[in-house]
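Two complexes come next, and they have one chain in common, chain A, joined by chain B in the first and chain C in the second.
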Partner chain A sequence: MRLEEKRLGLDRPFVVRSFLFLRNALTLRLGFAERMVSDAGSRQVRLIILERLPTTLLLFGTADLLLFFLSVFVALVLSRQYGSFWDRVFVALSPTSAAPGWFYGIFLILIFASWLRILPFGDLVDVPPPESRVLYALSVLKHMILPTMAIILSAIFISVYSWRTFFLIYSSEDYVELARAKGLSGRTIERRYILRPTLPTIITSFALMVISLWTGAPIFETVFNWPGLGRTLFQAIGLFDIPVIVGSTVIFAYLLAITVFLLDILYALVDPRVRIGGGHKQ
Partner chain B sequence: MMKNEHVLHVEDLYLYFVTKKGIVQAVDGVSFSLPRNSATVILGESGCGKSSLARAILRLLPRNVHTYTGKIALDGQNVMALDEDTFRDQIRWVRISMVPQAAMNALNPVLRVGDQVAEPAMVHLGVTKEEGWEMARRMFRYVGVPEGFLNRYPFELSGGMRQRVAIAMALVTSPSLIILDEPTSALDVLTQANIMNTLKRIKQETGTSYILITHDIATSSDLAEYVAVMYAGQIVEMNNAANFFSQPLHPYSQKLMASVPRLHGKQTLEFIPGRPPSLLSPPSGCRFASRCPLRFDKCDQDPPTFHLNGSIVKCWLYEHEGTLTTPASETIQPEE
Partner chain C sequence: MPRKRLFWSVVVLLIMTLALTACPGQQATPTTAPPEEPTEAPAAPPTPTEAPMEQPTEAPEPTATPEPTATPEPMAEDRTGAWVDQVVFSALESDDQAIPRLEADDIDLYGGGLSDPEAFARVKENPDLTYVLSFGTYTELTFNPVLTFNDGRLNPFGDPQIREAMNWVVDRDYIVQEIYGGLARTKYLPITSAFPDYARYVDKVRELEARYSYDLERARQVITERMQALGAEMVDGKWTYNGEPVTIIFLIRTEDERTQIGDYVSNQLEELGFTVDRQYKTRTEASPIWYGSDPAEGQWSIYTGGWITTAVDRDQGSNFAFFYTNLGLPGPLWQAYENDPDFYDVAEKLANNEFNSMEERDQLFRQAMDYALQDSVRVWLADGVTFTTFSADLEVAYDLAGGVQGAVLWPYTLRWKDQVGGTVRWGQQGVLIEPWNPLGGSNWIYDTDVQRAIGEFATVPNPYTGLQLPNRIERAEVVAETGLPIRRTLDWVTLEFQDEITVPEDAWADWDAAEQRFVTVAEKFPDGATAKVKTVVYYPEDLFDKVKWHDGSPLSLGDFVINMILTFDRGKQESEIFDEAVVPSLESFLSVFKGVRIVSTDPLVIETYSDSYSLDAENTVSTWWPYYDQGQSPWHALAIGYLAEANGELAFTSDKSEAAGVEWMNYVSGPSLEILKKYLDQAMEDGFIPYEPTLSEYITADEAQARYENLANWYEEMGHFWVGTGPFYLSRVDTTAQVVVIDRNEEYPDLATKWAGFGEPKIADVEVDGPGQVTTGEEATFEIYVTFRDEPYPADEIETVKYLVFDDAGNLLVSGEAELVEDGMYEVILTGDDTQNIPAGAVKLEVAVTSKMVSVPSFGSFEFVAVAP
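Now for the complex of A and B:
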């Protein structure tokens, strides 16, 4: 009993213990689960999480990238035809982005899985999983369609709306006017004089959006029965498995930090003004 | 024959915009000709349509255009007849380039200035990136920007440097006409003088023509060979600089000149009472009539353009001295 108390650090004062826990969490020494077991049979929280992390990254990474490029493209097209029918449609639909992804997920499942029966309800792969790698990948892809659609659907209207507004603001800059006077083609102007200067702003707004999408992961993955980190957290809460809950939360915090960090690096790449050492003369 | 002495010939140019309050008559029936290798200053108060005139010449129109008609001939070629793509490809920056108002904001903040200066050459002259940069380097030397600045971004340059970069950009394709839209209004006097001297040297060496749009009479007098005065969307006087600065014809020009401070002499500076008429609903007669000290009965009718010793003036005072010839057959002779 004494030994166990010492091992868990319960013989130290509360404040010291808190810092010890914090250190352990930050260094990813996440301890052992109370009830949950990883698919490989381990009780280590770290292994449980590592097993689930790739699927989450796969789903959210794909959806976020698609969302980004699709939104940029649509926003550019709409900024060109400001005030047109489709422009107004997107502006009118932007409040729908207030609802989270799983909300649309439920409807997509109803329509495509339950009613039309062309796409699976959820899960990562077919049961039983296909033998060959190609078929396995295709099956995963098929299962990703609905969740990806749900994520995109939940965020595209607001992002297109705000980005098309950014494009409109930036396209009234003097250098865009001058680019037109220079006799550059419409495509060049759009790419080099509207998209490029707007990218930093867009990346900032995208970073915020990605973070808000991460926070929706637990319920989202539960709705789609997607064996990712979010569903693990949800299950852990159901089982009251505190080490797993803490571990997942820590990993989510790390994911957020990494996302922001990567986007910051990207920011420096697209905007020379924020490069360190580049701003020696203002 | 006659036309080809002019680099630019504008006839009855109209540019109206639609706004919520009504139709703005920004450029209202403007006609003038520019001789080759000359510098013409367009003077006028803020909001009199100077910049709109520049945009109309380059066909840089915003979305809310109501009317855009008239004749613009460049080296004798009617460019109004060209379609948008041809105009973009063959006129913009190839034959007319422009130094914009507030060059502070005229450069793309995320591209190197070298790329931006080389870009028109690469697009229009079909040169490679290396050749384009070489041309940009030459232009930088020409306007007095250190070559190392080619690799810099606009935010690393001072205001005067950016203005020079903008001029280098306008020169890189050696156009026959450069429109300078208040190129020095944001700069200190020393930099202004420096840039004006650079512009003069460029004009002598390259044989290009300038349209200099400004409200700064003092600075522009140095460069100007011809002066056009705009008032409420119309050109009210066009004269050669020597005549204009000594004896302006139009009452508005006279008042304008009287408002310029002089080093010698004790006269108090004058200003013109009242404000320019709204371009939404300009008065039917002479547009300056309500502020004009020399106004008489006839001013209720719109004055035609009178030709007087090679000058053009839109004022009833010159009804008897001047003649009513069509502008196309008339040339302004410089008096040396």
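Now for the complex of A and C:
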């Protein structure tokens, strides 16, 4: 009994134990799962999580990037066409972004997979998986279309609406008027005088959106049968597999932290005011 | 500039991630053909509860190995092994996805059994889909049997009479029709309506069904009397005890129909004055409470239980001990069961086959049925009917209990209609659920259904009757102690009786793990030993030439002997791979095992002596075929696993891996592979022969070397160590995509037509006709038509045609066996004496037909009016 207590660290004070557990969690020394095994058959929590992480990063990374660039583009276009039909459409549809991505996913699956039968229901790859790596990658891309569309659909209207508003606000600034008066081209004005100063605000709003998307991953990946970290967490909760739940939570915490960290770096890139040592040296 | 850099960095990162994901998990470059030629054949039955079955001597005339029904056209008569070239297994997140994906041609077959009536209607309406039915699931109400909980609360279900009254509280017809949508049958007893015991005792079953049919008022009366006797009071329409409401904590499962069942029963209990705390829980949430907690703690009162049998169970006699007594399981619930001593005695005798004739068993069984309903620690509700659905262009044999997924014969019979070859995309709820290793790996159905296609058995269970059929063996003999109720049905096995069966002194009775040698009968039983049953199995002369493992190694005697050794070794403390999780099963085995002897090595003949037997001679035969608990394996693949466990780097079982803090051994993927490869190299270098003091007599150094080289080549080519002799080999494992691909073993020696007859179970259709009015005291004749697909059912394939006459209250008046007129036609003659006792009014004549070809009995009925003369 004593040996077992010692092995599990139960002979140490609670506070010490808590810090030890925290250290182990932060360094991904997560031990063995209680019930789950990794896809490759290992019971190490670290392996269970790490083998699912790339697919989650791939899907959400791709979708988020597409969402960002698409939203910026559309928002810029709409800011030029304030009050137009499409502007009003986006404004009208912006409340639909209250629904999560998986909600749209179900409808997309019904339409494109079940009814039209032109896209797969979900999964990572075709069955049987292509043997050539190129075809395999193309098959993965094909399987990403619907989930990516679902993510974009769930967030694009609100982001376009809010960003186009930012652009409108910034486009009425005095220095923009001055630029127009100087006869600069519309494209230059957009890039240098509107987009540039708006970026910190947009990036902040985008980062917050990404974080909210991460939190929906468990259900989203389950709907699309996507073998990612979210589905692992979903399964772990169903099985009460505490080590995996703790591990997945830690990983999600890392992902959020990394998102915020990248945000800081991006700030420095897009906003000279927050650049360290960016000023003139005396 | 920095923005450009950032943009391109992100693009590169994205491409790299894509490329990383695109590297399939464990991708073994497939080759179309496996190295060498294996043989075919199935083997032991996966699940059935064992037990006796009929009378000792009077066994019916044996029939030839059954020829099922329609014979599909073989497109290529010389085709060997499987009909299809490839089967691809992939995981679907839930059953709900099955039908839409089948309809969208995204998969060809969904392996799991479905029970949703709406989905069933959808499948029936779709001409592109077809389905098969199976009958292995059943539901019940499990009661907490403790009368007063530790905190003083009253548990009404601790009272046997209240439990018995619960049979009148539930309307099983309502459950079957309204909740299951007709996809179920009412159930009152722990026997399945699709299995032989039900038809055998149908008269008793009907009697009990009538006695315990829905009667809420009767239940209210009994419950009121008992509650008052227990000190409870009815206050404002609610039962109270010591001033507190009597609260029923009802654990209601949420995954299936049991949610509605739980709500329905809760409503009924509330109607009777109980306060019900409905707790909706999933399997993992409910299990620690109803199964894991001490019933006296009072964490629960009722649980909606559900069970599954994955193969036709020819003897359900042990179900009484399992479900009602502390003989069932070691858990706290089972240990809290307190039975009437007579019930316990009857249940124990049925479980241990302690009877000397079929008549004696009949008597015990009928008593047990009465006791079961009086005890009612479980109230049985419904036998589920599940359907497996697939493309209408596919054909496959299926098990009447386990469906397609549970059928041992599916790999041999799955085919596209009128076509040879092709790929079948098989969806199921998961795949590669847990690590694969033959001794203690995954036992999930989603893994074992794949493993069965890669391996093969010495005998296979008939999917429609549960009787074993020879696959790799030629014939067998069974010698039983005189008086044992064993019978023979098929002609591949002989049965004889002897007054005493003496175990030869040189037979192996046990294993000395320290010295790594067998202990003989003479050493273990110095005074000699006898056994209740001796079986002799004869393998064909060309066995070792014909059967080859997928890696090219010929099957050899070493594969059989290591199976015998491993039966004992892992449960012995002196063993290098001792595993305490194996000890209970070894102890149970040793309590009945008497000895084994290799009589001849060429051809291989093995004698086994035991006190354990089944009612069917076919199901009693011990083959020692190298198919382990979780898959088939040659000795050399086991040897590297042995080294890995002995050196503390891997463990065969989950328990041991957890205790030792090492990986659970996995022969197909993951970090185990590197370790196994390391020991393969070491074994090759050392010429390692496991259990050398014994196995070196059966394995030469040359054979060992050749086998290790074959396995190394196999690993290099396929990327895993999973080797069998079955009609398919494991060609790809994509762990990321959760896809497993098995390809046809082109070297498989047996013809694909070998099992082609198992197209459709011959479940008889029964129609009864006769006079609409019968005068009491006068003779009346009724005709019974027994057909299959509108053709008369051959008389030699019919076991019995029983008739039962009931009055309008469901009381049994007359019963007997119908007389054969001609194939497909029988006659029931109620004599004047029979009809004399029939009261005037509506009367029902029910007929139960039992076939030798299928376990499922068929019923037909006819109603007439009895009038006084």
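Here is the rule we use: the second predicted complex is superposed on the first by the 276 of 282 C-alpha atoms of A that agree within 3 Å, B and C clash if a C-alpha of one lies under 4 Å from a C-alpha of the other, contacts with A are read in each partner's own complex, and residues count from 1 in each chain.
In the analysis below, a residue touches a chain if its C-beta (ideal position, glycine included) is under 8 Å from a C-beta of that chain, and two chains touch if they have at least 3 such contacts.
Just so we're clear, the structure is a prediction, and the values are computed from it rather than from any experiment.
In the superposed model, A:271 lies in contact with chain B only, and not with chain C. When the two complexes are overlaid on their common chain A, residue A:183 makes contact with chain B while staying clear of chain C. In the superposition on chain A, A:246 contacts neither chain B nor chain C.
Look at A:50: by the touch rule set out above, it reaches neither chain B nor chain C. When the two complexes are overlaid on their common chain A, residue A:119 makes contact with neither chain B nor chain C. Once the two complexes are laid over each other on the shared chain, residue contacts for A:174 go to chain B alone; chain C is not touched.
Looking at the shared chain after the overlay, A:197 reaches chain B, while chain C stays out of its contact range.
In the superposition on chain A, no contact is made by A:91 with either chain B or chain C. Of the two partners chain B and chain C, more residues of chain A are touched by C. Under the contact criterion defined above, the residues of chain A that touch both chain B in one complex and chain C in the other are 270. Of all residues in chain A, only 32, 37-44, 47, 51, 54-55, 57-58, 61-62, 65, 113-114, 117, 120-125, 127-129, 131, 133, 136-137, 140-141, 222-223, 225, 227, 231, 238-240, 266, 269-270 touch chain C in the complex they form. Across the complex, chain A is touched by residues 58, 60, 88-89, 91-94, 97-98, 100-102, 105-111, 119-120, 123-124, 153, 155-156, 169 of chain B.
In the complex of the two chains, the chain A residues touching chain B come out as 173-175, 177-185, 188, 192-193, 196-197, 199-200, 270-273, 278-282.
Taken together, the chain C residues at the contact with chain A in this complex read 2-3, 6, 10, 13-14, 17-27, 29-30, 86, 88, 90-93, 97, 100-101, 103-107, 282, 284-285, 423, 425, 432-436, 657-658, 661, 663-664, 666, 668-672, 732, 734-739, 741.
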